[in-house]
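Per-chain residue numbering starts at 1, and chain names A, B, C and D are given in the order in which the chains are listed.
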Amino acid sequence: MSVIIAHKDFDHTQQYNYLSEENSNDGAVVTFTGLVREFSSGDNVTALELEHYPGMTQSLLDDIITQAKKRWQLGRVRIYHRIGYLPIGEQIVFVGVTSKHRAEAFSAAEFIMDFLKNQATFWKKEHFSGSSRWVQAKQSDKAALTKWQKTSSTESQ
Amino acid sequence: MSVIIAHKDFDHTQQYNYLSEENSNDGAVVTFTGLVREFSSGDNVTALELEHYPGMTQSLLDDIITQAKKRWQLGRVRIYHRIGYLPIGEQIVFVGVTSKHRAEAFSAAEFIMDFLKNQATFWKKEHFSGSSRWVQAKQSDKAALTKWQKTSSTESQ
Amino acid sequence: MINVLFFGQLKESLQCENSQLAIDKPITIAQLKELLVEKNPSWEKYLFDKQLLVAVNQSMCSSLQLVCAGDEVALFPPVTGG
Amino acid sequence: MINVLFFGQLKESLQCENSQLAIDKPITIAQLKELLVEKNPSWEKYLFDKQLLVAVNQSMCSSLQLVCAGDEVALFPPVTGG
């Protein structure tokens, strides 16, 4: 199963093993892990809270993987996204990709994260000591998508 | 210690933990792992053998990390490169990077791998059943460096 | 009956997770929002936020989309996962 | 004395890991290669391969580089790690 959405934390090793074990075709494994970090716009975050639109999130993530597999020759792909209340330092999301070649693995992992950020139906609330606020969509995340329009002719080398 | 060169295999979790534990500043962790893969130019590889120039390799890898830290705001960096005889499926190299932002972590990890491939004093021999051959430097690895010349004005966004 | 779901900050603002609407003919999303405001006048300032996104039967679409009885409609702010 | 190290395919072709050369004045890498060939005539076809790289005291340099007694010189083919 490529996509997992769960409250439960993930074990990094287990995700890595899913990608690399008995996979002698692929010489490159790239992983991205997103963690709850302490500062956001200067304020001290104590936790994040993540909700999502069940069903729709799953199919959007499946679709992002399909798009990535059309652009690059990929072996295995894993997306693990957590929901619920996640204190500082907790893992939020894991994206892992294998390929024969490192450039394809790097591009695909970043592509998946960029589209996940912009399309997958998750919403994030930041908790501070005594207050909370919904995270607003970032212009920089939208801008990140533009690199996937420009490079379509050169990326497959 | 950021750079490790060793015969001994590495534990992916241990490398990941080195990057992520007690690191609430950085929300993004990107890792690359290179594995011995089964096919090379159509032949069935049984193992790789890696030798290096001790001392020089270490300082070249330190220098690549220094270059990466000048270009991007990075937290922790780890390079683990194995030497010796490595059968199919074995891990060869690990590069891991943390940053506040995912784009910087992705770029830095790929930059380090691209320069490692082109500059670090390792030499690789492929073993087949009954024969062996030294791996020749690839034009595609050299070409990979060009992207780090062009993007210097846009990468830090 | 149309089932309307709300997510994220919108759900919190409306203090409502979902709302059922009985309709007898296909209507646009814009008309559906007006029906919701008729039922809940205080929702007006939230439902017409231009940033709001719409999904019908779990596919993204525009406010011009027609919806019929049995459809699942979701209204939510721009996504912020990952 | 200059210590000359060989790596990778070159080491295997020469069947030699390192060689010591006694010199009484600074010489270029090109001259050093000629001294090595004088000692080992069979090395000629390997040492003048244009792809060969040179490091002096563990820094990459060109064949014009001057080296003196006490220097560590390394000759090797293009690197292929990772």
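Throughout what follows, contacts are C-beta pairs under 8 Å (C-beta built on N, C-alpha and C of every residue); 3 or more make two chains touch, one makes a residue touch a chain.
All figures in this text were calculated on a predicted structure; none of them were measured in a lab.
Counted as hops between touching chains, the shortest connection from chain A to chain C is 1. Averaged C-alpha coordinates put the centre of chain A at 48 Å from the centre of chain D.
Computed centre separation for the pair chain B/chain D is 27 angstrom, with centres defined by C-alpha atoms.
One inter-chain figure worth recording: chain C and chain D are separated by 74 Å, centre to centre, where each centre is the mean of the chain's CA atoms. Multi-chain contact residues of chain C, defined as those touching 2 or more other chains: none present. Multi-chain contact residues of chain B, defined as those touching 2 or more other chains: 34, 113. Applying the touch criterion to all chain pairs gives A-B, A-C, B-D.
Note for the complex: chain D touches chain B at residues 5, 7-9, 12, 51, 55, 58, 74, 76-82. Those residues of chain A lying in contact with chain C across their complex are 34, 50-53, 55-56, 59, 81, 92-93, 113, 116-124, 134-138. For chain A in complex with chain B, the residues that touch the partner chain are 12-13, 16, 20, 22-39, 88-89, 91, 100, 102-103, 105-106, 109-110, 113, 140, 143-144, 157.
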